[in-house]
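Should a chain be cited, it is by its letter among A, B, C, D, E and F, assigned in written order, with residues numbered from 1 in that chain.
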Amino acid sequence: MKRSVFKTKKYRTDMNAKILNSGYQEFNKYFALDARAYVKGSLEVKTKEMLGLVASMVLRCNDCIFYHLDRCVSEKCSREELYEAMHIALIVGGTIVIPHLRYAFEVLDELFETPRTGAGRVAEHVH
Amino acid sequence: MKRSVFKTKKYRTDMNAKILNSGYQEFNKYFALDARAYVKGSLEVKTKEMLGLVASMVLRCNDCIFYHLDRCVSEKCSREELYEAMHIALIVGGTIVIPHLRYAFEVLDELFETPRTGAGRVAEHVH
Amino acid sequence: MKRSVFKTKKYRTDMNAKILNSGYQEFNKYFALDARAYVKGSLEVKTKEMLGLVASMVLRCNDCIFYHLDRCVSEKCSREELYEAMHIALIVGGTIVIPHLRYAFEVLDELFETPRTGAGRVAEHVH
Amino acid sequence: MKRSVFKTKKYRTDMNAKILNSGYQEFNKYFALDARAYVKGSLEVKTKEMLGLVASMVLRCNDCIFYHLDRCVSEKCSREELYEAMHIALIVGGTIVIPHLRYAFEVLDELFETPRTGAGRVAEHVH
Amino acid sequence: MKRSVFKTKKYRTDMNAKILNSGYQEFNKYFALDARAYVKGSLEVKTKEMLGLVASMVLRCNDCIFYHLDRCVSEKCSREELYEAMHIALIVGGTIVIPHLRYAFEVLDELFETPRTGAGRVAEHVH
Amino acid sequence: MKRSVFKTKKYRTDMNAKILNSGYQEFNKYFALDARAYVKGSLEVKTKEMLGLVASMVLRCNDCIFYHLDRCVSEKCSREELYEAMHIALIVGGTIVIPHLRYAFEVLDELFETPRTGAGRVAEHVH
């Protein structure tokens, strides 16, 4: 069940390329709109990524949890901050969220050990 | 469809009283656990309430949206911050969230006009 | 927000009649299949109705909660049994279920006071 | 529980105006992206609106069901076609969809009686 | 993560056999009702399969997406038609649907390359 | 896709240990509250586990289905009782639940063959 950070990211990148090269331009516009939602505004990027993380947890999507956890770590969220954010997801979403909390704990160590090269580039900001 | 802030709060308070006075103590413990999730920790209360708001929007529950919007206003979220948080809910959750965005806009003016007496008391912190 | 037992049942009956008289027979077969799921088998009707209640609560549908609560009361579930069943729904489904627990408490007194004429007839067994 | 076609549309229009005049332009871009999804392409508008209807039913959103039913009627869907589409939503989504089928039958007569002035204008194409 | 068309179909067939041979006849009736929903009526089979595809995407079930994509290809949907249908699922369901769009793009080439022997037989029409 | 009972349980145990040893005590309190919900009260443990099973099926979580199926077998549910309970989940939740019914049938034989040492200990009662 263990999926390395590298493989998970590669699969996402490869499939996103397929989608964005399909020739159906509405997909590209949609992905662009998505990316803009997490850019700094009145709220910090870090806060926005935690909002994305909690939304992904209550909707129970491991791929989305992986993505936002990774972005949260890039944005310097501490473990304690992530625990509190994930706890809110757990409280709102119920025990049905627990398998996704297990998944988050499965990948979290590896995410914290992955070297970060400054804030994520826009190219990476695709769900 | 318009429900005043006062009536919405009164209904919630009355029904919560029924639940908490039912004699089944697990409900009381559950509500207490819920309240503690939004207390200041590594994250500010304001951030936690926005996390609760976004979770409520993607899960599409107007009562929960009302509650967290009200708490966000008490915690001094600006309109712009709320728009950005709700936009993330919209992006993650899709157009199916739009009716709940309409509901948020329906009550938001009234919530901003409601006088606030400092930070919300714990007694209020019940979903 | 209060909807009397009588009015809620009448609306359901009237709209079900529209559906079942639409001439599209697949709807009728679907409703019949649904009704059979709650008939006594290896499990008691009472247990089956509690299963339906919990499913309705975690999926957060007030009309379905009303229907199964009403059936549970007809099948002689005690208040304590209903509290325990609803608590499991709350635990599995999270605080997002709380507004539906409030709805259940809103109608429960009236449901317990409604006279029951033996076990529900099949004609009533339509969601 | 009956909400006339007129009142439902007016509420939607008024609240959409609030959202689109909020000054937060991402909402406007999002609504525009939404509108474009239902424009004629390889698929007919009529087919696209039925896709929107089924998506709305399985996600159990009455406001969205109302909107897409209204659009489907404008696009000349017959009753029989709508029954078959809604039946697929029922089959995929389960009996938890039944209350929303009741809602659809509640408003359908009124929608078919509402005069239509040709295909819906883009200005109307907002969820 | 790659699952070949062959293996995915074999797993479904094997497990469906277990269910349909369990001796509990209500399962068999349920599967039969499901199969009938996609038979030609006022709507073409092709349209019905696209309705099933969009319902499966917004409810975020890869197995169901695979099944309906496969059926859509059998029914001669073009790539462009499938992109437009999936785009509506994306718009209604939000970015949480993106991982399932990636899954669809992962299997789509293989599905288009799989030889088709006319319209799908009823025996195949099991979810 | 086959995951043995042993491996599935080991993964759950290992990840739960990570969560419960994270130092964030709210997780521990949450897991304790969860465990208490399934203890004998007015309802039998067996009934409560079936309620948990049906909730897990309609919310479509394989890990939770596995857990509650395993507990149901420990509590002496017969195959026929489980079929009836799962049928209710299918009816309420729709064909989107079928892939999870397939999963249940995939693991059920192995679960019935796993030796049981009396009623499950509390230590096991973690989702």
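Note that in this section contacts are C-beta pairs under 8 Å (C-beta built on N, C-alpha and C of every residue); 3 or more make two chains touch, one makes a residue touch a chain.
These numbers come from a predicted model, not from an experiment.
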Where chain D and chain F overlap in contact partners, by chain label: A, B, C, E
Neighbouring chains shared between chain C and chain E, ordered by label: A, B, D, F
Repeat of the D-F interface, chosen from A-B, C-E or B-E (over half of contact pairs identical by residue number): B-E
Size of the rotation, in steps of 5 degrees, that lays the CA trace of chain A over chain F: 120
Chain copies touching (chain A, chain D) - same or different residues, decided at half shared: same
Per Cα centroids, the chain farthest from chain A: C
Pair of chains joined by more contacts [C-beta pairs], B-E or B-C: B-C
Between chain E and chain A, distance of the C-alpha-averaged centres to the nearest whole Å: 28
Interchain centroid distance [CA atoms averaged], chain C/chain F, Å: 24
Centroid distance [mean C-alpha coordinates] between chain C and chain A, Å: 39
Per-residue overlap in chain D, given as positions that touch at least 2 other chains: 26, 30, 33-34, 37, 55-56, 58-59, 64, 80, 83-84, 87, 90-93, 95-96
Of chain E, residues touching chain F in the complex: 11-12, 15-16, 18-19, 22, 24, 26-27, 30, 34, 55-56, 59, 61, 63-64, 127
Complex contact set, residues of chain F against chain E: 1, 60, 79-80, 83-84, 87, 90-91, 95-96, 98-99, 101-103, 105-106
Chain F - residues contacting chain D, complex: 58, 90-97
Chain D to chain E touching residues, read off their complex: 33-34, 37-38, 41-43, 47-48, 50-52, 54-56, 58-59, 64, 78, 80-81, 83-85, 87-89, 91-93
Chain C residues within the chain E interface of the complex: 26, 29-30, 33, 36-37
